[in-house]
C-alpha cells in the first residue's frame, strides 16, 4: 500500500488489543431473549432518537440514534453538476457518500475509504433515488453525506432512514419518505434490527443470512433490497415482510420528527 | 521627510540606483503625480514598478530607478514574464481558432484574441491566410487586468505598418525583457554592434521574443546565440565577443 | 381540516376532484400527495376549486429558471461575453454557486453590434439579469440584460474603489475622483432594490 | 436588505458591524460562542468527546492499539492525531483525500501535543523496545462554522481525559501480550493546553472565535495555545497582515483567561459523567 | 453500465410484447438466450472459463496462491474477486465508468459467496493461522450485451469446476519450523466441489411483468431489476435490487419465486455440460478464444 | 529560568543567488550556514477554472523535502509561506491568474522555515512580481540554559526547549507569520520577537546588497 502522505502517520503496523484478549469472547445466544432484552422472532426494533437540522452549514441534516448506532447525515445542493452529460440537462443527479469514522467500530478503521463503503454508498443511492423528484432539479446535483459515528449494527438501514429525513429537511421534493430495516436470520429464528455483535457472531447452524430493505411506506414500494448468507426462498420472502413491518413501526417516529423540525423552523403561516 | 521640491530632488538623486519593493518617497503638498501619459510638465509620471499610495510613491519591483526628463520615473527590472500593455507590439503564436478569432499565445498569463478582420485588407469574405502554428507580429488593442487581451495586426488607420503573419524561414528566440528594451532603445549599442557584424532581419517583440533571419542558417544561428548571451554580459565583454566573432574566431 | 396542518413527503392530502395542484405537491392515481415537509395551504382564488400547496419557511425557488430575474456578480469579461456568478434568484439567495454567461448580443436591446463588453461590465460589478436559457451540456445558464431595468446596479470605481453613482443608462461616476466609467446601467426598480 | 447585502458584498456587510464594535451574530469582538461538551458518548472508542462551539461541531475518538516502538525511541509510544474535514461538515470541502486545511490542522494538533506534553510518549511504553501503545486520536468535524482549531484542542483534551486503556501483561513464556479489556486505567494527562483563535480585519480589528464567514473574509488568523501554568504552547500565525506587539499581548491575555474557563468546563463535565456512572 | 437509447415507440412495442409473453427475439419471459460455455481457455491460470450469452461474453481466470489466513478465521482460505471492465466491451467503460461498475460487480460477488457452503473454505486451509489457499477470481468483460451478472456467475462456476490446486505437504525442517512443499507432479492436484456454487438470475421488471436474461433494449424499458443468486437446492445466497426504480412487494415475491425456479433449473444442464467437456479431455474441439 | 538575549545578533553566513534557473520566471537560492533552499516562481500564468479568483491572483506554494514525498509537515510550512507571500504581494494587480512558488530543500541544517521564507522573497523579487514590501524569516531557539540563539543549526534546535520562527515585514518590522515549537513564557516570546526584529535589519540589508550585485551589470 502506498504511504499516505496527507495524514500524520503512525507506526507501519499496529494491532487491536482485542486480538490479545485473555478472556474468551462471549457468543450471543441463538435462542431465548437477546442480549439487550429484546424479543426474538418479533418485529422488535430498537427505539430510535431522531433530530433534524443539526448541521448549520448544510441545506438539510438529520441525526439518528438506535441503541448505540449513531449516524449523522447532511444534504447539500441542488448545486451545479460537476460532470455534465445529456441526462443532467433534464434531470438532477443524486450523489451519496457514506463513511465510517475510524473510531466507529470495535476495530479501528482506516481513513481511506474501502470498497465496502462504496457498496454502502451505492445501496443508499439506489434506495433513495426512486423517492426523489429529480426532474425538478435539472443541471444540478443533490449530495447526501452520511457519517457513521458509532456502528452498533444495522447501519445501512438506519443510514437510509436518516438520509431520507435529511433530504426532507432540506426541502428537496420527494414522492415519499424512505425507511430502512434489517433482519438477521439465524437458523430457524430471526432478529430484527440486529446489533453489531448479532451481525458478526454467527452460531454454526445452517441458514444464516442478513437482509436489508428500504421501503417507501406511503407508496408501498421497495426501493432497496440486499441480502447475503443463505436463506430459503420462503424465509427470504418472510424476511422481506418482516422488514416492511419494521419500517411501518418506525414511520410515525420519523413523521413526528420531521413535523417537529418544520414547526421549529417557522410558525404556521397565516390562514388565507 | 523631504522638503517640498526636495522630494523630486531625492528621487533624481536615486536615479541609476538599485531599489527594492517597499522603498518609499514622500510627496510634498504641491507635488502631484499623474498615472496617465498626458501629464502636464510639472507632474511626475509613474512608470512600471512604481505605484502611488496616498501621498507616497512606493517601489513595487526591484531594479534600477530610471528617469526621463522632465518627470517620468520607472524601475528598470530584469523580468522574464511578460505582462500585456496596451499599444505594445509582441510576437505571438497562433494556437487555435475560435469562432471568428484566433487565439494567440504571447507568453502572458492567458491567451490573447486576434480577430480575422484585424489584418490589413481583411473582410468577412477575404479572410487572412493564417494557420494554427503561425507566428504573428501584432499590437495590443486591449490589455488591462480586467479583460482578456486583444491583439490586432493593423494600426489606427487600418494599415499593416509592419505587422501581420511571418513568412517562412527565420528563427524565434526568447530573451529577457530587459534586453528587449535595450534593443528597442533609440541608438541601441547592441543593435549597432550587430549591424556591423553582418546584415540580418530582426523583429523584436516587447514580450521577449525576437525573430532573426540572416543570409544563411549559420549566420542566423550566430546572431541568435549572440543575442541570448548578451543578457549576462557587460558592455566590454560583449564588444570583445563581437570582435572575436568578426575575426572568425567563433 | 385545520388550517395549520403539517405534512411530510408522501402524505395523501386530498382527491384531485377537491383541489387544484399548487406547489410542493404531486398527483398520483387521482390523489394529491405532498412532496415536501411543511404546512398545507389551501387558497381560493376565485376559481371553483381551491389551490392546494405545501409551503416551507423559505420560498422553494431553489434553482434559476427561464424567465427568472437573477442578481449576479461579474467574474470575468472578454470581447465576446461576460461570465457571472448567480447570487440570487428573485430575492432568494442561493446557497451554492451557479455560473452564468451574458453574451455580447444579449447586453442590450438596441445597436447590438456596437456593444463593447468592457464598456458594459467590469469584474466585481453586481448585475441584474434575466435567465433566457438553461444552456446545453457545455455552456452555463444564458442571461440577458437587454431591458431597461436590467444591467449594472452596483459598481466600484477603478481609481478609488468607491461605489459609483449612475448618471445615465451608460455611465457611472465615482463620487471621490469624479471620473466617469462606462457601464450598461440598470434603471433600478424599487422592488429589486432590497437585493 | 441585510440578507442581500450579506451575499453580494460580504466584506462590507461584516465591516459595517465591526465598525460598531459588534458582529453579525450579536457577539462582542472578544466574545466566544457558547461552548458545550459531551464526553464519552462513543462506546466503540477508548475515549471520546464532542465539542460544540456555537454551530461548529467537532468529535474526537481515541483508539489504542499495540505496536513495536521505534529503534530510535525504544521507551516511547506513539500519538497519531489526524483532523478530518469531510464533505458532510461544509460544502467547501470536497470528497477525497484531506485538503490543505485538514492537513495543516493535523500538523498543528500534532505540534500542540508535542509542545505542551499533554501526554508523555514515555507513558505509553509497555515493554521497553518491544511493545507500546499507539494512541490514534481521530478528530472529525461534523459542522464547520469556523475556528475548528480551538474546538479540536478541546475535543482532544477532553477525549484524552476520558481515555481508559486496558490492562496489559506480557506473558513471560510466550512473549505475547495478554490483555484484559474489562480492567482499564486512566491515562495520565500532564497539561491542559487550550487554544484561542483570532481573526484580524482590515489590519487592525481583532475578533476572537471567528465563524466560517469571518475566517474567509479576514486578512489574518492567529491561534494562541496556553496551558494552566500560563506558558505558551503555540503561537501560530500562518501569515497575513502583520501584528503589533501590543495587539499580540491582548491576544495572549484573552487566551490565558480562556484556558481557565475551558479547564473548568472539562472538569465539570467529567465529574457529571463520573457521577452518572 | 452499458446502455442503449430506445425510442418511445420501441418501448411500447417491447412492453406490449412482454405483456403477451413474447419478446422481440422470440423468447418467452423466462427463457435464456443461447449460451456457450468453454473451460480451460487460458493456460497460465489454475482454472478458467469463457461464457457467452447472446452477444455478452465474459472470461474468468482463477489463480490459486498461498497466503495468510484472515486473523478472524484462521482455519479457512478465502476468495478474492476482481472484475475488469475492459474498454473493448463498450466505450462507456473508458476512464472511471468501467472502474465503478467493476467495484459494484465484485462487491456483489463477495456477497454471493459470503456463506459457509458455496465453497469449502476450510478445505483451502493448509495450516491454521499460517498458510491457506487464496483463490483470485479475475473476471474480464469482453463484450456487453446485457445480463452481465448471470454470465459472470456461470463463468465463475465453470472456472471453479475447472480449477486444479496443486497438492501440498507440510514438512518440518531441522529447527522445528514448518515449510509448505508443493507437489512436483502436475497431475497431483485437488479439485474443488462446485456443487453448491450458486448461479445468479437477473430478473428485469418490464411493465407489469419480469423477464429473465434481458437484452439492453429490454433493460432500457425497465426501472429496476432483481438479482438472485440460487444454488442447485434452491437456497438463495444473495438478492439485490439494482437500478434507480422501486418495486412493489408483491412483484418482488413473484420475482424471487421465478428466480428460484429458473436458477434451480440452470444448474443441472450446466453441470452435465461441464462434466461432458471434462471427459473429452484433450480431444475436445477447441472453439477458439473468441469463437 | 530567565532568558538572556545576546547583545548582538549572530547569524550564520548568508548566501544568495538570483535568476539561476532558466525555466521559472523568477528563481533564487538562499543559503544560511549549511541550510540551503532553492526557490522557483512561475507566473502570472493561466489559472485553472476551479482555482480562479475574480479579483486577484491565486498563489500556490509547494515545498519539496530533500528526500521523499512532501508530508503533512510540508503542507503546514507551505501554508505559512503562502499566506506570508500573499500579504507581501500585490495580488489584485494580476486578477484571474496563477502564481506558483516551488521551494526545493537542498539541505536542512536548522532554521529551515526561515530559509524557505528568505528564498521565497528573493525569488518573488526576481520574478518582478509587484510587492508592497519585503519580508524575511528569522528562527530563534531558546537553549536549555535560557539563551536565545538566532539562526540555530539542527543540533542547536534539537537541544533547545523552544523554537520560534517569525516572518518580519520590511516596512514596520512587525510580525507577519509565527510558528513555534515547545513551550515558553510571554517574556521569552517578547525577547525573541525583539531579537528577530533586530536580525531582520541585517537580512534586509543583505537582500539589498544581493539585488544590487545582480543589477551591477546594467547600472
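Letters are used for the chains, namely A, B, C, D, E and F, taken in the order the chains are written, and counting of residues starts over at 1 for each.
By our rule, a contact is a pair of C-beta atoms (placed from the backbone, for glycine too) under 8 Å apart; a residue touches a chain by one contact, two chains touch by 3 or more.
Because the structure is a prediction, the values reported are computed rather than measured.
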Co-neighbours of chain F and chain C - touch as defined: A, B, D
Dominant interface by contact count, named by its two chains: A-D
Cα-centroid distance, chain A relative to chain C, in whole angstrom: 37
Chain B and chain C: spacing of chain centres that average the CA atoms, whole Å: 45
Whole-Å separation of chain centres (CA-atom averages), chain B against chain E: 69
Intercentroid distance (Cα basis), chain D paired with chain C, Å: 42
Chain B, residues touching no fewer than two other chains: 146
Where chain A touches two or more other chains at once, by residue number: 6-9, 76, 79, 131, 216, 219
In chain D, residues with contacts to at least two other chains: 91, 103, 106-107, 110
Complex contact set, residues of chain F against chain A: 69-72, 75
Residue numbers on chain B that touch chain C, as the complex places them: 99, 101, 113, 142, 144, 146-148, 150
In the complex with chain C, residue positions of chain F that touch it: 52, 54-55, 95-96
Chain F contact footprint on chain A (complex, rising order): 3, 5-9
Of chain C, residues touching chain F in the complex: 73-76, 123-124
